[in-house]
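Here come two complexes built around chain A, the first alongside chain B, the second alongside chain C.
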Partner chain A sequence: MYDQERDLIAALAGHRIGRRDFMRRASQLGLGAAAMSGLMGQMASSALAADSSFDWKAHKGTTLKLLLNKHPYADAMIADLDAFKELTGMDVTYDVFPEDVYFDKVTAALSSSSSEYDALMTGAYQTWTYGPAGWLVDLNDYIQDSAKTAGTWDWDDVLPNLRASTSWSGVPGEALGGKGAKQWALPWAFELNSISYNKRIFDQQKLEVPKNLPDLMETAAKITKDVSGVYGIGVRGSRSWATIHPGFLSGYVNYGAKDFTVDGGSLKAAMNSPEAKTFTADWVKMIQESGPKNWSTYTWYQVGNDLGAGASGMIFDADILGYFQNNGDTKEKGNIGFHAFAANPDAKEPTPNVWIWSLAMSNFSTKKDAAWYFMQWATSKEHDLFGAVKKDMVNPVRQSVWDNDDFKTRIAQNAGYLEQFKASEPGAKIYFTPQPLFFDVTTAWAAMLQRLVAKELPVDEGLDQLVASIDDQMSQAGLQ
Partner chain B sequence: MSALEHASISAKTASPSRRRRRQKWLPYLLSLPALLVTVWIVIPFFTAIYYSLLRYRLSLPQLKGFVWFDNYLHFLSDGRFWYTVQVSLLYTVITVVVELVLGLGIAILLQRSTRFNNLAAMLLLLPLMVAPALAALMWKLMTNPNFGILSYLVGLIGLTNFRWASDPSTALFTVILVDVWVYTPFIMVLLLAGLRSLPKQPFEAAALDGVPKTFVFFRITLPMLMPYILTASLFRMLESIQQFDIIYAMTQGGPGNTLTVFQVESYLQFFQFTNVGRSAALLMVLWAITFFLSNVFVKNWLRLRERAQGISEE
Partner chain C sequence: MQHMSTGERVLRGILIALALIFFLFPIFWIVLMSFQTNAQILRIPPSLFFSPTLENYTSLITGQLKTASGVLTLNFMQNLFNSFILSTASVALSLVLAVPAAYAFARYKFRFSEDIAFTLLSFKFAPPLLVLLPLTIYFQKIGLANTYFGLIWVYQLITLPLILWIVRGYFEDISPDIEHAYRIAGHSWAKTFFKISIPLARPGIAAAALLSFIFAWNNFVFALVLASADKQPVTVGALAFVTASGIQYGQIAAAAVISITPTLALALFAQRYLVEGLSLGAVKG
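For the complex of A and B:
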């Protein structure tokens, strides 16, 4: 490396110049975007290496293997992997699987006690299966061990709701992040649910962004009626847990409804409470009147693509779904706006449920300490900032990144994104009751929603049937 | 002395007792590969039986234990299980019958070996080259109500609100349509081969006697073709009752529980719900149904083959 470039990195790592200065000087040196990314990564590893009290080279020569889902977060990590290798002297290999089969692969690998993978991507909900099954390592021991964890790693910088949402005692119904909770995974990047809308259509139609569910239904119906070839609201509808956790649950809990009531360790399904019935009836009506015609096959992919293609007026789904459509190569690039959303007209704040892509350590890994070094690096401030500024690792999980000027500048290019995040974040967490039958329950719930939208039975009757069926399953599993 | 001569002399000079010992072991040695393959098949099979007798959910490891036939007994009172049996059999019967009728019709049209017919037969085989999961995704796009070509076409005949796999009332029809598109060529190619290999004499005799074509078809062609029809039906029945790719890729078993056929339900039980015991029990029931139906087919196949041979010898 040329001396000028090395000095430039050293200046940034030593905080003698800011990131903007770094960018400016790098461009003066004639460095392209790819080289800049590399430099940023190397800068990050230099900053970590500058912490002389921690030996990043302790596992030099070790090779780790990762199990990854094909995702912009994984892409960001892979783009920065050389920085980790340089920092630690370790090598990293990985397998990447598309999301459709990713969790099947995880289940197959972990249930067979395979030591092939040392660390893996997971969602928090999946840890409710993987953790109690003994497949994952409780990371609390590592987090609290100053000999194995760098002082600069700063666990407290990770948003508190996300730390809590990825830890659970394993006792069905006990609160996430409560006493005795095991840290099954480290939050890596996450999404919360809000409104992403097509500003072009809203401006043309002189529409206000809806603030609650009755508003949303009205606006969506108007778009469906008045804008040719466009439907009002995109939400997920496939027969899967993935239909329940985004917009649906965010609105559901905002109405004061719960999935379960917990009484002395016994879990009782509560999807037929008056609040639940009120919200579900409106939700079903909204889809019937203004949702996509083939809603029951809709996954996040179709919801996002329709927004980006100008086929839907708005979505109530992951904020990053709108973000990717607004910044990707889409028809509506630059036209997507964002807004926080509290479904209940009487609610004071939004209550978005979250999906957290996290990193977990396989209990069958034979290189656990080395894997922890990787996990520290991949969830460090430096890598989180690199991913958020240079790649598409939004939403970052660290407060320091949200406070970073470069990140704020980047995210400000998305109208209303920062504002929706600030309004949503305090209430953004996992609202499901943690219990081992999560996927049974949410799949049955999604299947019932499909039947309600298809008008196979009235909402009240359907939800009563759902509760009876879930209670039966809980009882068979010894959870009632 | 050549190596061949040396070996020949050695063989001649080997003692009779050694030769007898070799001959005694020879059949076992020859059947060893078959034995190994059988073991390779039997181990997972018995493992599945073992799991089906357990209460075994990966997310609740503390509850793991033998429950003997509880998983099976639970099915008896489980409405969802009986629905799974019903929809799996319905799917199987409809797809096999429709594909058989279409496949036979096309095979008869292409029976004469002309350049055009051979080219047409080759082109008609193309859907069979597409992986069923990919075919399902293709059809999912074609039936998309917003931009799908098929949605557009049915819109032209007034069906503007036809929702294909998204509607419980048309979901079964839609997945059957995809199955028929993918697998009719399979039946067609088997029956075409059968038709072209039939002996010519009975048909020539019938033509000389001026026998009506419908009589020839129902009394000569069809009986002689029956072994082929049964073979094709057996293969398709085995495939259809175990259908997964098309149904899962298009609907994940929905809308509601409309298409929760055996394989979809079993897959969800294992991979999504991590309920190993129930998943294994479902697969064992599927195996029993498949075994029973296969036996019926094979017995009939043998009977009809004898009958067909009788006709051709006459």
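For the complex of A and C:
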């Protein structure tokens, strides 16, 4: 039996049989899902090891330590970790911390120059603080070093907007991925913002999926009015940066608005431009008319829970938030549909802002070269495919995975997901202006949105006040 | 003694019942949630009637959580064990250090006694984050990072001032004449301290120990910053059920029930001491 398994893996690794044949023959051998996952991992390591010009065993015997967030992406990696150990002969230990406290732990570890962790999970926004502070390694040095990087790793296969969004020169206001940008992290998996909607409710009410913001406001109001106990549109509202970056910013930039204008290194807040005021006024009205009752407390979790429980008709948030509700233990499992969304009726295409979970290397690691081997493996085509097909590592960051038939078959079980991704992906990137006060600015922005929704201020006046306050902060920080 | 009329008795009963419902309903609801699946918990509207499941408790105790995408590992029991070790050892160490110190501050006047006592109390005022980063660096240099010993040491910031100040107040309330009489009978200072002073102050010591145990149990930030995942207490571990793919409400509720059990049992056991000790220590003539 063992020989048969081994031959089967070797046949796949040597491209003598396709993946479908592999799956069929594995099932004939009576292998269950867990064993199949293990086989897939072994297959991946065999395929990587087939690149004979690269010595994967160069750091055999080294033990690495990772700092991870409790997340499906980390779970997928841990499930496949034996494949890495077998491929490299290295050992890996890890600390997993809940997301609520994860970045506190990262900040404490890095700011104290701790050499405990070699590599860590991070978001792209956080690298704007960690990178320029000298806490992370510029990975360009490794990516461009053919002695340290396997030829099969194929950096260019990673979606170009994501590569750019995780690199920055460190100069406030300079474009992400621009000249002199340092690669602070490797994209691992990501989310973009689109419409996830309850198909059951839409079918019952004979509604069309909204294509733009006026359409969305109308549809959401209709659901709120006509469907008992259900509100129209779920969006985040807590006093946090996380309220600004999903649907709000995606729609905001689609109207042509920007967070800052940059002039010769000086950053000027632009939340009161005519485009920004037009969009914000409609956004606020939409929440007042058709949002959740206690919107100002809404985070990722409440927005997702309401969609999964059938309490909201749709959400304009991360596509994977809808995906998790459609595939998890929820009342509306299987009822969620997906659609790309360009808020501006005159826009040619959607402009979803993205959140990218990425892998970064600690500058205080004493095993940087070995850590790079781990990062290569964890962001390889093989592991990305394993995570996307066998686990919940969606959205994958590699084009080759999006082109893979097995992945397409799996993702097609989510109505409209692939289509929304194809329509959204060309414009999906980080639309914030990178600057060190990112979290202060976005928190102030969210606080002002709360006041506007609560009708404490007219939208025009509120946005003027916001701009004055942010300009003051930027000036004090020497950014104006 | 005045007799209450029937109406007053009924009114009193209703008010007590309302107060009990108000305070206990959230706990009752959490207990109910711990026997439900996520889908049952998130039903709209919520219902008191459901088919109970032990799945949440089984997942926590076995450390295996079954999800749509496979079996995930949970470390909740390890977190619970860590909380138990850290809280118990911290309180025990604080008792050994703080009770004699409290006695000294209460009974003897020496140079800088008030300054030292106030400095110890001021540890309670300092925001933990203020001291944690320097501590992290020191701990790494002296090899105490990520050790139970290091954490128990840092937990003294929580437990030691509390015990010291409560027990000091209690010692001050006990007349020194009893101790003097015992000393005149030819007993040593140490014997007087252990045979007379400590037994008399026992309710105060028990109350202070219980309170500081609860504070230590509820602490969150010290272990988070200073230790690896395998040393984290339940307060951090319980957050692991909140992930991007959803909140495991049933397991959070089961974890809450399990994690409040030790402090609840201790509080019920020491309830008499707690009320007596706190009220005597607090109201000084």
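Points to keep in mind about this one:
To be clear about the criterion, the second predicted complex is superposed on the first by the 479 of 480 C-alpha atoms of A that agree within 3 Å, B and C clash if a C-alpha of one lies under 4 Å from a C-alpha of the other, contacts with A are read in each partner's own complex, and residues count from 1 in each chain.
As a convention for this text, a contact is a pair of C-beta atoms (placed from the backbone, for glycine too) under 8 Å apart; a residue touches a chain by one contact, two chains touch by 3 or more.
Keep in mind that this is a model prediction, so the values were computed, not measured.
Legend: residue contacts after superposition of the two complexes on their common chain; A:Asn327 is shown touching chain C, with no touch to chain B.
In the superposition on chain A, A:Ser240 makes contact with chain B only, while chain C stays out of contact range. In the overlay built on the shared chain, the residue A:Thr149 is in contact with neither chain B nor chain C.
Applying the stated contact rule after C-alpha superposition, one finds that A:Ala454 touches chain B and leaves chain C untouched. Once the two complexes are overlaid on the shared chain, A:Glu99 sits against chain C while remaining clear of chain B. Contacts of A:Asn254 after superposition on the shared chain: neither chain B nor chain C is touched. When the shared chain is aligned, chain B and chain C each come close enough to touch A:Ser111. When both complexes are overlaid on chain A, the residue A:Asp75 reaches chain C alone and has no touch with chain B.
By the touch criterion stated above, A:Asn305 is placed in contact with chain C alone, chain B being left untouched. For the contact definition in use here, the residues of chain A common to its chain B contact set and its chain C contact set are 104, 111, 229, 311.
The residues of chain B lying in touch with chain A in their complex are 57-61, 63, 74, 140, 143-146, 161, 163-169, 250-257, 268, 270-275. Partner chain C is touched in their complex by these residues of chain A: 33-34, 37, 70-72, 75, 79, 94-101, 104-105, 108, 111-114, 116, 229, 300-301, 304-305, 308-311, 320-321, 324-325, 327-331, 390-392.
Residue ranges of chain C in contact with chain A, taken from their complex: 37-39, 42-44, 67-70, 72, 132-133, 136-137, 140, 145-146, 220-221, 224-225, 228-230, 232, 236, 239-240, 242-247.
The part of chain A that touches chain B in the complex is made up of residues 103-104, 107, 111, 128-129, 132-134, 229, 238-241, 292-297, 306, 311, 436-437, 439-440, 443, 446-448, 450-451, 453-454, 456, 476-478.
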